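Common to both upcoming complexes is subunit A, partnered first by subunit B, then by subunit C.
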Partner chain A sequence: MFQADLTITGDIITIQMSGELDASSAPNFHKILQQAATRSPKQLILAMSNLVYIASAGVRGLVFARQKMGDDVEVVVEGANESVADTIRMTGMEHAITIRETFSA
Partner chain B sequence: MDGLKLLVVGRHGEPGDTETSELTKILADCDCQPVVSSHPEILAGLHDGLEPDLLLLHAELTTREVAVLRERWQHLRTPPGVLIYCGSDHLLLDPHLEQGLDFLLPPFTSALVRTRLALGNQSRCLVRTVDELDPSMSLLLHDRDLKIGRQIQQGFLPAELPCPQGWEVAAGFEPAREVSGDFYDGFTMAGGRRSAFLVADVCDKGIGAALFMALMRTLLRYSAQNLWSGALAPFLMPTDQVFLGSPGIGAVPLLASVRGANQYLTANHLQQAYFVTLFFCVVDPASGRIIYINAGHNPPVLLRAAGGHRLLRPTGPAVGLWSDAVFTIASVTLAPADALFVYTDGVTEARNPAKELYGLPRLVKLLTSMPGAPANLLVSGVLEDVQAQRGRAAQSDDITMLALRRCW
Partner chain C sequence: MTLDRIDAYPTHRIAGFPVRHGNPLLPGATFMHGGVNFTVCSENATSISLTLFKRGENAPYAEIPIPETFRTGHVWAITVYDLETLEDLEYGFRADGPGENCNPDRILSDPYAKLVAGREVWGEEPDWSQPYQHRSRLMFHDFDWGDDVSPRTPREELIIYETHVRGFTQHPSSGVTAPGTYAGLREKIPYLKSLGINAIELMPIFEFDEFENSKINQSTGERLYNFWGYSTISFYAPKAGYAASGKYGMAGDELKALVRECHSQGIEVILDVVFNHTAEGNHDGPTISFKGLDNDVWYMMTPEGYYYNFSGTGNTMNCNHPVVRGFVLDCLRYWVTEYHIDGFRFDLAAILSRDVDGTPLPNPPLLQELAYDPLLRGCVLIAEAWDAAGLYEVGSFPNYHRWSEWNGRYRDGVRQFVKGDTGKVGEMATRYVGSPDLYAERATAASINFITAHDGFTLYDLVAYNEKHNEANGEDNRDGGNDNASWNCGIEGETDDPEINDLRRRQIKNFLTLLLTSQGIPMILAGDERARTQWGNNNGYCHDSELSWVDWTPNKLTNELVRLTGNLTRFRAAHPAVRTPEHLTGREVIPGLPEISWHGVNAYAPDWSEGSRLMAVMRCAPLDDGVDCVYVVANAHWEPHNVELPMLPDGTLWRIAVDTGATDDSFPPGEEPILGDQHTLKVGGRSTVVLCTRIAQ
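Presenting the complex of A and B:
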């Protein structure tokens, strides 16, 4: 069961993600990203510490995120587990987004 | 008309208005037992226990009032049908007709009223039938979409793969119920001197992914087979591309086709955010040398007949992400009896009922337990092991595999 919750702190939008992001849950993720994009943040943090699994359809969501946010917005993947981070890295997405191992706070 | 339960609502404040009196008299002649009421009485809940088949409403009621009255019985499995009746002023019907409601006009003769009641009741039952059919129609459409997507996908898989002399080639494709964008391909190039093999996976699922698969397969195969001659090479080769080792025959079409597909997708389809991971290799059958591009794809496993393995990790990002992506050509040489196993994430991400992934370590362990095995056994062995691990869990993704083995 995938869940994504959006919080806004100043210019930073954080999306807390949990569960499994696959083809069936990707449309929900896309909707949340649309909401985030309308707020024109300076940074988008995708908090993935509770995300168990990401399929290629989920990585497609990251591509969407990168496109919707515009070039000046930093997109950060934070706290992803090893297999999620590997899946993201394998596609080459790490060139366009920042992958942080742990929370910055 | 026997048994039809009718609720008649007359003009405002005139329970015995002429039209309503005439109508109820005829209804009684038609063996119906009409309940005559008023708008306030119904709103007060006086007839909530009644489950009318038809509401006969005076045209003087506003469309809003009619809607409120109808709403009162919408919870019924078959909500009542509606007939709007009027006296001599037919213009009162107009707003109700615009709402798509049926009508009953004077003179109220027994035959006319019977016919109108029967038709009104039929329409009501039809509405219920259509409502009940709706979910099954959606399912049918979904099934049809699945079938179309699957036909697109399978129509683009090669009928047969080239098998260079001294080599074995085997492929396996096990579709999941929901269509995805996996494909494999194989063809000769460079005037038959090289064989090219390709395994690719379009991200996401559904007809969109299947269409992208068809597009990618066409772009890659066309460019690889038609841009090899060298005449176009100087224009196709970017100055910032990197070769690991000397490129050799087939490098230009390999790179040109991957770059071309990437440029095409990023120039025309960036908004859809589809991307494709692929492993594309060109085999020199005589020397065993394979040049390849791994664009963000699961690492194929090179199996040494003498024991040991190597993972051919990505040499560039997935195709379709960035227009300025750099794809590097790498190379590897297969000794006699060495094999290369290429697959999609349907293998490593297959899951058992406890949702545990099959995983790359299990795949590598299985393959390395079969050094020197024929290509078709590698494919069937992996498929069997994935199915054994999956148990009774549903197959969520396509499983696509391609094995190449150099025999001598």
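Presenting the complex of A and C:
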């Protein structure tokens, strides 16, 4: 069961993700990203430490997130498992998405 | 106010899906507003249905018959709306029609599939019960290229490095985080940069099946694969098993990230493409795609109905059939525009010059179209100008002043000269200056000079083996070429004999030096600069093992060779005299100094006789502020020789850039020491010396 909770702190939007992000849940993820984009944040944090599984549709969602946000918004992936972090690096997205191992304070 | 598009609405409902007549001008699967356009061409089919799968599932979740009214000519096109989870959609076609090939029980891959599922993790045993093995997928075109542009290196300045994506970094010593992948290769770009090469040529990366003809070698227990990949399943799809992210359907992104990074470092990316045959084989081969759509269009057939086999692999693609020509051109345009590829090397390209009945054509339409196509105009086009049925077109390949060729005669001539065969000085000299006998009407870049390639001995094995040793291939040593012009320097294979090892080291250095100072485009086989061995195997196509991987473990020899290679590539970059775009003639650069002059033991007295084994040449090219002069003497004789050097204008001194017989074999450009004796040079036995100077003006 995928869940995504959006919180707004000033101009930072955090999406807390949990469960399994797969093909069936990806459309929900996309909707939340679109919702976030309308708020024009300066930073979008995708908090993934409770995400147990991410499928190809989910990784593709990160590209979607990057492109929805516009160039001047920093997209941060936090607490992603190694496989997701590796995929971001290997597909050349590491220039566009910041990867942090743990939650920021 | 934004107007809604009126063409974005379904007009029919089939099998529960809203659909409309598709756009037949868009081959394959294309994202449309609210849907996906599927187009497939078949002359034979009387009906075609689109089959949709959820990722990896055996049974389709939808079958959408394409109505006859959605057919234009032989092209069937349908746009399907409301498809969910496009990332996980797999699709294929069923074609029904006359003849045994058009069998609706089979699901056919889309010839234009942008991604193929089924082999996403290299070597992972496929589910053989799966009725549809190579499953077409959609690809998203949202990669961020930034300001990427092709380096567009002048052709005569190219230095090509031929490599295999997996073999390059799969060895445990590679030290990369994703061994054997596009991402792993990307991690090695700093190494490639330090080596001084400016183009990588990737052995086939179109989707292929490593399990094709896979078997266990009974004597060794090793599983043998289709490692090289010269057997295409899908021409538009990158090999997913070469991507660490292949299981996420992101092989395309990972390859693009590699290309982008190469370009940022001034390295071009050339693909080795195989259009001479496909993985569908002959009558005994599988039906994957083309056979089931239009067997007689895609393949050359004998009048008796058998497959012509000019490729030596079962079938021959019908490249000059108008439909196939269009497909090949579309495909290359796609790789140039979607993946920013800089050039192509065509495997067994002589087949591309054959007519539909196999007859060689003087003016093959396909080769002409590729030569003049505006989207391919910036690409280097390289022909392997022969095929497996004896058509040998080195020097005569229909080229339109555009195509370059793998110069097989360069390979043979240089090998014979360096190993010390008699009567080879003239041949060596001709090959060394760009083979003007073959390419007089073309630029020197027509000649791709190589001594070794994936096919045949590695450079180390060329000097360590007289005979091929292909037992590990499981074919009783019958496969692989027998005519290698190799010499083991005294003992077959590995030895502790220091004299033999020293000679081998020198011979490798001689080859590298001659290759990288020849007129034309040099190509280095990956790993040759690290003395990679295949233990005498000259046909490593089936080995996914240390036999075919590059070993990154450093030792004294690899350090020496890597350093020499780097010095030679930088020498080449610094000296226009060795890479002139035009063929050299005897014209004078400055009064009394021709752009090329031949020498021997005595200056200006070359010895072309049968017993001679020494070639010496001076080349000069004008610079903005002077003249660049390079003198090279290659002594393939086992005895040393004292050679008289050509005179230079007063005040100009020769500097020594390379001496393969010396302990300090080479110097970086700008650091070459002045030669002690400016009149007579002692050249060691089986050694090559390169001198350079700049005549100020």
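FYI, the second predicted complex is superposed on the first by the 105 of 105 C-alpha atoms of A that agree within 3 Å, B and C clash if a C-alpha of one lies under 4 Å from a C-alpha of the other, contacts with A are read in each partner's own complex, and residues count from 1 in each chain.
We adopt the following convention: a residue touches a chain if its C-beta (ideal position, glycine included) is under 8 Å from a C-beta of that chain, and two chains touch if they have at least 3 such contacts.
Quick caveat: nothing in here was measured; it's all calculated off a predicted structure.
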Exercise for review: In the superposition on subunit A, see if there is space for subunit B and subunit C together, and answer fit or clash.
Suggested key: clash
Check your understanding: Which holds for A:A96: it touches subunit B only (first), subunit C only (second), both, or neither?
Key -> both
Practice item. Examine A:A26 and indicate which partner it touches, taking first as subunit B and second as subunit C; both and neither are also allowed. Key: both
Check your understanding: What is the contact status of A:R60 with respect to subunit B (first) and subunit C (second): first, second, both, or neither?
Key -> both
Practice item. Report for A:I8: first if it touches subunit B alone, second if subunit C alone, otherwise both or neither. Key: neither
Revision key, fill the gap. The only stretch of subunit C that collides with subunit B once the two complexes are overlaid, out of 74-82, 434-442, 506-514 or 542-550, is 542-550
Review point. What is the shared patch of subunit A, the residues that subunit B and subunit C both contact?
Key: 23, 26, 55-57, 59-60, 63-64, 67, 90-93, 95-96
Review point. Given the complex with subunit A, which residues does subunit B contribute to the contact?
Key: 178, 180, 201, 203-206, 270-271, 273-275, 277, 295-298, 314, 316-318, 321-322, 325, 345, 349, 357, 396-397
Check your understanding: Touching subunit C in the complex: which residues of subunit A?
Key -> 23-24, 26-27, 55-57, 59-60, 63-64, 66-67, 86-87, 89-93, 95-96
Revision key, fill the gap. As the complex stands, subunit C meets subunit A at residues 54-55, 84-85, 87-88, 140, 142-144, 146, 177-178, 181-183, 186, 243-245, 247-250, 253-254, 256-258, 260-261
Point to revise | Residues of subunit A touching subunit B in the complex | key: 22-23, 26, 53, 55-57, 59-60, 63-64, 67, 83, 90-93, 95-96
